Structures are given as structure tokens and as C-alpha cells.
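Here chain A shows up in two complexes: once beside chain B, once beside chain C.
Right after this comes the complex of A and B.
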């Protein structure tokens, strides 16, 4: 299989890369390439040029002191192996270890995953549950997009055509926060048939002060389980409240069915995995 | 520069440097097999699903079919052809023979490269870590149990060799 012919560019700055995107509406960014290159071989994508972000300094790295900042070109393998990150955001390192397989982890990037917004990606849900944000640069300058505004639809984000994610930030979790990501892994691809990320913080009274639960794999984009979050608010996190939140997790979600898993089965998994994620989050507080 | 331009790339494979002129759409896998005649790296699904094309780039196991050759300029690439030292097989290769860890052999070089990368990073892997290392390498003959045994033996052989030095 061959992709269509394309021009290959390797700019040395984000501004130059944004300029190349602005100059050619059919150009695409190349990060890890593990979604884009297969799509190009299948001719689902035939960009006129590829703008490789691999030559730009400063897009790789993890700073976990205070607000956690992660360069967009940081790979899953780097997330997986980061001890400082595992101390503050254990859900991130665990999930990175559970993406695809080691070869995918070696090349796949956090920024690429968010910009691609695959409906079965793991890190879209994790980003949403952790209330992250992305810093983006375009030809008109830089801006920050919050977690609740980034994902628009299937493979569609709020990024403008010339905008590039440069870094991903997560607020440092408050004390009393537990977090967990649970997924039903597709046995061949490792993608999430359904994945649920839960981040819960309890206050000094032991009641839930904030809960963010995000679902991937089932809807067309990573989506919060708002009803479950509201049910937990102000409650003790125990078997009873977790069961109620799990039962409500699929409410209001538009859930996809395909030849791997029917809509009904995915709906069931959303509830089961929400319960498991909340139980593990409670244990990790 | 038009889309038909070939770009200069130097591939550093198994310790030798190969200057090439390559079309941007050529994968590392095709460059290895067609430009360098290193056909030990196998082309099967060509889409990142099967793992047969696994090579080691800058110390990590990667799929050669999903890397553009132009993106591999001056990276350190190791293929199955680079493991043996003269007639002395790599411990992973030796362990595959001893444990009969293949039938048809088409996935074998990818399996071996994945385990080589694991043992380079982690000389004492658990069974779970061995299985995780080859989770992206499909074997349709079903040699998985013997591949696990070969992984354990290779780790033992490597530790023994290190202790003997």
C-alpha cells in the first residue's frame, strides 16, 4: 500500500508550521503518524503535503511541578515511564501503558491524540475528566482551549485549520482527589470499545466536592456523564452512590453501535466501567 | 519543491550508514526491503496491525510500516539482520530455536525485535511484561506459549552472559 504522493516539510518552528498550514488547506500535520499514515495508505486521506512536527524543539517534555504541562509531541512511552507524572496523575501513566502496544506507545503523541479526536481514543476522555486545556498556536497568535470546548464531533475539534497544539496542561489535583481510567480493550487493536475516566475530589467533610466523569468509545466524541456527576455532588462516595452514578452514566448519551459492539452492549459497558472507575478512584483518595 | 521530489536521507542501519534519495511517501519498511535489500523485516499488513515489521529505532520497538523513511534521517535503526555477532546468535534468537517458538516464521523477526527492545530496557521482565512486549505481534500459527518461554530463556541467557563477563 502506498499513500498518494505528497510534499514533505520539516519546519523548525511552530510559527513556520502554522504558516505552511495556512498556505495550503490540503496540508496535514504529522506527529506520531499512527492514525494518519494508515489513513493515507487506505487513501482515506490524501494530503498534498505533510508538515512534520518532529523537527521542532520544545514540543517534548513533562513538567509536573504545580500545574502539569506536557509538550504536545510527548509520546505515550514517555508518559508511561514518567515517575514524577505517576505521582501526581497516576491515571495518565496507567492509561499510557494501556494504549495499543509498545510500538504504538513509542510513536503516538498526546497532542496528536487530542487533535485527531478518534471516538475510541483513550486520552480524549482522560483530558476531559482531568479538566485539561491545550495551548495552540496559529498564524494569528496563541490561545488556550479548555477541555469542555475542544471536542466538537467525530474526528472534529475546535482547532482552526492553521492551529497547532503545542502543549497540554492539567491542573494539579486538590488533596482528597482520586482518579481512575477503566476501559474495555478491543482485543486486537487495543482501542477502547468503551473507556471511562473518573476524577473525584472529596472535601474535608468527606462529601464529593467535584466529580468529572468522561466516556470514550461509545459516543462520537469524548463526552461527560453529566447526570452521574450531578448525582455524586455532595454525597459520600460509597457503594450506593457509585451504583446510582453508574446506572445513570449512559443517560442522554448518543451511543454508536458497530460490528464489534452493539449500541445496547456499549450502553451496558458505560455503566459497568463507570462503576469500576469510581470504585478505583475512591480507593485512591 | 514539487511532490515528486526525492529527498536525501541517511539511514543508519545495524551500524552502517546508507545515503539514499527517497520519495517522501516511502516507509522505512519499504526502504529497508527495497533500497537496502534487508528483507528479514517482513511486510504483512502494512498498516500497523500485525507487528511483523517491528524494528528498533533509537532504542524502542516501532513499526517500520508506519514510519516514513524521510523521518528516520540519522536515527539509530536495528533490524533482525543486526542482532547476531558473526555466527553467534542473539540470546533471543537462540531462545526461539531452543523453545521452537515459531512455525511458519513470518512473524518471527518482529517478535524477536520486540523482545530485544524489552530486554535492552528491562533485563528481568515478568511474564506479564514479556507478553505485553509482544502484544502487538500477531502469530497466526499460535506459538504464543513458546514465545513466552523463549522470552524467559532469553532473559536468563542474557543475565548468565553478563555474569560470566
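Right after this comes the complex of A and C.
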């Protein structure tokens, strides 16, 4: 539990942080540190330098009026405790309360979770289902990356090595939207063995106008259950349509297995949890 | 009683808050890694990444030249140091003993085997330098499963142990007699069960600090230890060959052990050897993964059960055949756990006429297995309590009724089970069963279960009953020792009670805590018995310099054995105080009454000498009776006449999610009988912790090795220690059946919760699935395992 030697830097601007990343390809950003520090202590990660984002102003905060904007360094505890957020995006506060334990919630950040792209993270699926986007800053300026483009693979995102997520945005949900996150926790790690985030909007005709369902834990990166989404499109959200969507949720997914939960069992859980998430989403409309 | 004598306020039986806690809760404890000595150096261990290999070369050149490195040593450098001893071999049979060396010499046999040690100026430099050591291996085939290890052609771990068999031990009636009884039984059931391997996971891992002082040739060892006196003896006499008077062992605050800190580990002699070699104090403190890889594990039995019964559920025969995986080498007391503490307890609470137990200890390329909370009794209880439910299933008799029909009756005590255990001291099993069933609402639960099954609900209800008896307060030296059960020493305890001139009291105890609250419990006993204020009593322990010998804290023996030594020392002090009081009061000693810290002449309660008055006179010694020595102090070496046998019944109610296989405990009742209770809060705490560990075995924990010997569950990210949110509320109650084994009538409470709980949860989960055709399921009941059992029916 003793990391290799590393440098520590605490820049006061995002631009300066990006510059440090550009200058040293082995440097890593430090946000909440609850994934990175354990990896360093096991010497699974040995960055030459840690660039701590904690000294940069303006990366923390929640603005839930209109489009929801959340600073990248906002912690799970802040998400969990935000009343205004719980009114517009109840799935976010609910999921934040289900990440790790209170210590993890106090340190772990939304931006860190998305940039890390852990295959069993909760907020990757939440972000994908809510069709969020991230604003990023690098040495070449700023850009926005949409939900469907951010996650590339296991621990891999579309971020360039010198790019830093500064804020995370979610569109304000249309009326008639219900959302829910269902998580099957690993008893040791607390990570999602399988997690399913579902966001469903019905139109004035009562039929599904849009459905986004994202799966975490089972595939190597948070992935949408496209077939289920299409099955729901234009349908009434009822037991029958939910069952059909649940049954199709794992179709086309490349699913991982390990000694605790096999591929077959995870595939089964994807269906069960999709059904449960959709049922809860329907109840919350 | 006269008016001047106040009615005593007895502390025994009161839930007094632990005097240990303010220190611990304010971060003022002094744990192993808190120890800082001038000139301290730090050791890090290069461990084998492979489970079985010959070491063909080790090159430490680069490491020696790395920053801060003081020394690098390998097994070759320690070739003349003895391997660690095995202090408890199975009795009456040949033991093919192979114990670990301090550092591997020529061969490694498990992932994590220590190969080399680096000592450096800082712990970071020591760990960095491990990467500078180059080792070449010639890899050998590994075997991790005891069932595979005993097969012909399996990889062999030790030349002196053909087929990897450590020993083959039996107890009870001969196999033919029991086979005949089984053959003639009206109902016969057989089942293979596994009791999976667990990793003890004390909050504080293990470590050692060694200091050698050349001027005096004295060694001091600080160690995370449940048995510092034994560690002193073994390290001095058996490993390093140091004169015993030249070594001192100190257990600082110890953050739990659950058995894993009973044993002698390589680092204890190693840090002393290094300190002498380098002229510096040396600290080694393992990290959590080292703890998981190489500190001892628990359980890991594969057992075939055959049970015979009458049609109305009376058990007539029991045959148990077990492979006990003991890991890559023998740990300090491993063979004794799998035999005396397991085989001799399989009868449980029941009168069973024909029992045969067969145990084979097996070497595999895994961490050593030794005592872990309950140590043999959880495995035995799991066997007999699953067997009771199998009988219930086969006969249609209700599981609670099967137990009731087979219980040993109150009039039967002391009861000899006929399989070599000491006679059970006392017991009354039916009231505990009835009370547990009543608290659980058993009849109503059965109705709810029937209703749910009829309705086809998605939440399956399961009810599990477990009645247990266990052996505590080990043990009479004559029975447990070399000529009896094979333990290589005695198992008495000792205590010294000293009343100072000021009337304040010091107790030095060979028995010591690693989290249990000895200081509080022992002070309660002394306060009542001696009649001095609780706050005037100091309990001193854990340092071999200044405390009399003790064999350590395990086997729920601290109160019943160590506490009795204190109790008897207090009585000796009181006897002397009465003699001196008689002299001071100018009366005959036989006319002195001593109560609540005051002595007076029978019939003259107004002329009182307090214990403080008496202590003053004993120390100033101006006027002592003829022939009386000054001072007021007594020491007792107490060897118990028998063990104690606490018991109880636990009832667990689970809901199983038909869709996911997830198990949730919705009700947990424990009714336990530990005899008289000194501090009910501490006893409740023992049960809370014990039940948590027992539930965790049933639902969450399990060490998993890959076939190549890699430990897959090597971190807390993979090995599921229960969190508070994963455990139910416990509804606890007690019955009280005292014992005459010790004068306090106490039986011991440290392990009972662990022993009683696991089978209750197991029986509940199997019960929930029984209507689907499931008769048994191996633990842990992970969601997938339960889900598959529901898919497959009989699993």
C-alpha cells in the first residue's frame, strides 16, 4: 500500500492544469482521488505527477434552473443533498446516495467519475441515460462532448490527454418524463454488478416519445440498450411493453463475467433491472 | 446486617461502559504501526507471485544499491534459523509436519510466501527496493482444492507428506459399527457439504517491531499478538535460540484478531534477527493484501455426512468424513483445530448413539488455515445443524421438533458424547429453543410461508433454526496437553492481584485483550469481590515484563480461565486481609467478617477496618501478626477442571428475491446461554460481532483461489466484509444455566454468535428454496448461486 514516488502540483486555473498535462504525458489529474489513490497504493497506477484540481475556483456547484449545469468537481455528497436537483433529476440524487459509502460520497466527484469511465461506475450510465454533455478545456481551447461520444472503452474516454472536464450539463427534462436508476451492488466493492438507468418521456398521447436506457456494470463501458429503447418508442408504457423492453435489454451487449457474477447471470440481471427501472420511471411520471 | 455497613452495589451484571473506549475513540490508542523508536528502520517483504515453484536464483544487487537501503536478506542468509514450530499436532496419529521458514529456502508453495526482506530508512524506500530484486523461478504445478490434492498424481508440496496428507485422525465408534447402524436406520440421508475458506480480516493487520540492545543482549518484540507470552517462549526457545529471560514481548493495543493473531509468524523472529544483524530497530507492518495472502485463513472443509434416523426424527447414527485444507504449511495450532475442536464437537446438542468422525488434514498451495473465530466448532455446528434439517426434510418432522426430540436432557449433565470431548458441564436446551421460536413467531412464520408459496410470490420466505453447543474456557492442561489432545503445553492462566499502600489495586494478568474489554470486565469482578471502588483498580496486561505467564486470548477462555485466576487471587488477598484485620481488631481470625471492602468482628459492626486501613498496615508493617510478611498481594496459577459448554438457539428468517437470487435477512433472533454474565453490554457486543461474522460466512465471505493458486479475493474490493447496512437488527435474549466449572458460573461468549448464526442463515436459505427441490446449497449464498439453485431445482 505504498505508491511509487510522484510529484504533486496544485494549479490555480484549468488552463494551467491542461498545460501541466500537456507537458507530461505520465501526469494524472487528481479530483476526488477515490479511484486513483487506491490504484496508486496497489502500484497499479504510477503517475509521475498528480495535478490536483482542488485549487481551481469555479469547478464546484449546481445550477438547476433551465439546463442543469454541474461543476466537474461537485461531489456525490453535494448531488445527494441538493434539493433543487432532486426536484428536476431525482435519479441523480438517488444514485449519488448509492455510490460507495459516505466517505466516498464526500470526496468522489461527478467529473472524475465520467473521466475515469470505470465499467462499473454508476454515473456513466446516469449521464448516458440523461443525454448529458461535458464541457472540456485543453491547451487548444474548449469543446463540448455529448453523452453518446464520451465513453470509448474500459477506462477510456474521448478526452485528449490534456483535456479536463470542467462542467457537466443535462437538458431539463420535458414534462411527462420519468426516470430511475436500479443498481445491484457488489457486496465488497459497492460498485454496480449491474446498473440500469432509464429515462422515459411520454407525449400528450400517452405514448413514449423518447426512451433512453443505459447499462453499466455488465459491458466494458456504459452502453445504451438500443433495442429496448426502440421497442418502447411510440408505445404505451405498461407491464407488457416494459417486459418486452426488459427482455431485449441485454441484446447486442458484450457482457463481462467474473467469479462473483457470470456473464449469463449479469445478462439476466440486465433484464430484471431494466424492468424495474422502467417500472419505477413510469411511476414517477 | 448492621446499619453502618452499606448495602453493596454490585458491578457484576451491570452494563458498565468500557473503560477502554475513551482512549480508542479519541485516537489515543497505541497500535503497532504507531510505535516509533529512535533510529527505526523499515522492512518490506518480497513475496512469491506464484503458488508453487523452485527458486533457481535471486539477485539482490540492484536492490542493495537503491536509495535508503540498509540491508537485503534472503532465505540463504537465514538458513541456520529454525523453521516455525507447529505447537498442536493431532493427537494419537502420525503428523507429517512441514512448517514455514522465515524466508523461503529453495521453494515457494503459495502466492505470498516471503522470499526476501529489504530493510531501509523509510517504508517507501523499502517497498521501492523490492522492485530491484530479481528472482528466477522454475514453476511447478499448483493445487488449491483439498479434494484434488489427495488424488494420485496431484502436485506434491512436501516430501514427508505423501498425497499431501498431513494426518488422518478419527474419533467416536469404529466405522463398521456406525456403518451397521446407518444400514439399519429407518431413514438415511447423505450429503456433501463445504465449509468455505474465510479470511479473518481483523481491522488492524499484523506487524512486528524488533529491537536488539547489544549492551544488555536483550531483545524486545512488539507484535500484534493474542498470546505474547507464548510468542516469547516460541521465538526464544524454538526459533532463534535466545535465552528466554533475554526476550520481552509486548502486545500494544491490538485491533482485533479473531484467532489470526494467536499464531507465530515469520516476521516475529525476523525483525529480532534483523535488528541484531543491522544494529537498528526494525518495523514490519503488512498491508491488507499481504494480510489476505499470507496471514492465516479459516475453515475450508469438505465433508461427507451420512445420517441415520427413525421415521419420527430420532437420530440413530452419524458418520462424518472431512478433508480439512490446512494450506501450504502447518500453522501453529492448525491440526488441533480440525480434530479436537471440530471432530469431537459434531454431536452438537444431541444424544446420538453411533458417531464416527474421520478427518484428513491436507496441504495445498494456499494460505495456511488455522483457528478463526469459533475454530472447529462453526464447522462442526454447520455439519450437525444441516444434518438436522436434512433429517427434517427426509422425515417430514418440523426442523425445530427434530432438535427437540434429540436434545440432551438437563438430567443427563455432565454428559459424555462418546467422541472424546470432555463431558458437557451443564445445559438446558429446550427453554432456549422455545424462547427463540417464541421471539421469532415461529408458528406464524410457517403460516406466512405456506401462504406465500400458495400465492406464487416473488419473495420466497425461509426460516432457519440452529441450536448449538460449543466448547469454551479451554482447557484442563492434562486433557489438552501432549499426553491427551496433543497441545504442546498447558492451558492454564495466571493473575497477580496487588493492593498498594494507598489501597489502590493493580491486577497483572496473563490473559489479555485484543478488543474484548478485559479491563472493564476484570475490574468489575475485582471491585465486587475485594470491595474497592472500580476506579481504584488497574488491569495490567500484554507485556511479558511485568505480567505473569498466560497462554493467550482465544477459545472464549479469558473470563472463565484468566478471570478465575483473578477471582482466586482476590480471595487470597481477602484471606490475608482478614488475618491482618483480626490482628488490628484484636480478635480471632475466624471471627472476622469481610464484606464490601470492610472487615469487622462478627457482632461488632461498628468497629470496622477498611481494606484501605488494612493495606496501609500491611505495607508500613509497623505492627503485623507474628510471622506475617509485609505486603498485600497474591498470585494464582489456575488450571480449569473442565471446559465450559455454552449453548443456544438462533432463528433466522430470510426473503429470497425470485428474480435475482438476492437474500435479505428480515428477522434474526438469538437466544444464548453463557451462564452468568459479568457485563451484559460487552456480552451483547460479542454476540453482535459474532453473529455478523457468522452471517457474513453464510451470505458474503469466501476466499477464492484460481486453479493456478492466485488469490482472486486479495483485496476488500473483492472479498466481501459485511457493512452495517448489510446486516439485520438482532433480537437477542438469554437464558442462564450456570456452571460449577468456575466460581463465577460463567461460560464464555466470544465465539458463540459466530457458531450459532451461520447454520441458522444456511438453513433459512435452503428452507426458502426447499419447495423447488433444493435440499442443500453451499455457502456463500451469493445472488448468482441462489438464482442458479432456483433455476435448477435441486442444486
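Here is the rule we go by: the second predicted complex is superposed on the first by the 285 of 285 C-alpha atoms of A that agree within 3 Å, B and C clash if a C-alpha of one lies under 4 Å from a C-alpha of the other, contacts with A are read in each partner's own complex, and residues count from 1 in each chain.
The rule is simple: a residue touches a chain if its C-beta (ideal position, glycine included) is under 8 Å from a C-beta of that chain, and two chains touch if they have at least 3 such contacts.
In this text, all values refer to a predicted model and were calculated from it rather than measured experimentally.
Participant: Contact-wise, after the overlay, does A:272 reach chain B, chain C, both or neither (first, second, both, neither)?
Facilitator: So A:272 only meets chain C here.
Participant: By the touch definition at the top of the document, which applies to A:260: first (chain B), second (chain C), both, or neither?
Facilitator: A:260: touches chain C, not chain B.
Participant: Report for A:235: first if it touches chain B alone, second if chain C alone, otherwise both or neither.
Facilitator: In the superposition, A:235 touches no partner, neither chain B nor chain C.
Participant: Does chain B (first) or chain C (second) touch A:280, or do both, or does neither?
Facilitator: A:280: touches no partner chain.
Participant: On chain A, which partner touches more residues: chain B or chain C?
Facilitator: Tallying touched residues of chain A, the top partner is B.
Participant: Have a look at where A:34 lands relative to chain B and chain C in the superposition and call it first, second, both or neither.
Facilitator: Touch status of A:34: first partner only.
Participant: What is the contact status of A:2 with respect to chain B (first) and chain C (second): first, second, both, or neither?
Facilitator: Both partners, chain B and chain C.
Participant: Using the superposition described at the top, list the residues of chain A that contact chain B and also contact chain C.
Facilitator: On chain A, the residues that contact chain B in one structure and chain C in the other are 1-2, 4-5, 38, 42, 101, 188-189.
Participant: Under the stated contact criterion, what part of chain B meets chain A in this complex?
Facilitator: 1-5, 7, 23-25, 27, 46-49, 51, 54, 57, 60-63, 66-68, 70-71, 114, 117-118, 132-133, 135-136
Participant: Name, in rising order, each residue of chain A that touches chain B in their complex.
Facilitator: Per the touch definition, chain A meets chain B at residues 1-8, 30, 33-34, 37-38, 40-42, 48-50, 52, 54, 77, 100-104, 106-107, 188-190.
Participant: How about chain A: which of its residues touch chain C in the complex?
Facilitator: Within the complex, chain A contacts chain C at residues 1-2, 4-5, 38, 42, 101, 184, 186-189, 259-262, 265, 268-269, 272.
Participant: For a test of understanding, state which residues of chain C touch chain A in their complex under the given definition.
Facilitator: So the residues of chain C touching chain A come out as 44, 123-124, 127-128, 287-289, 659-660, 662, 699-700, 704, 712-713, 715-723, 726, 782-784, 787-788.
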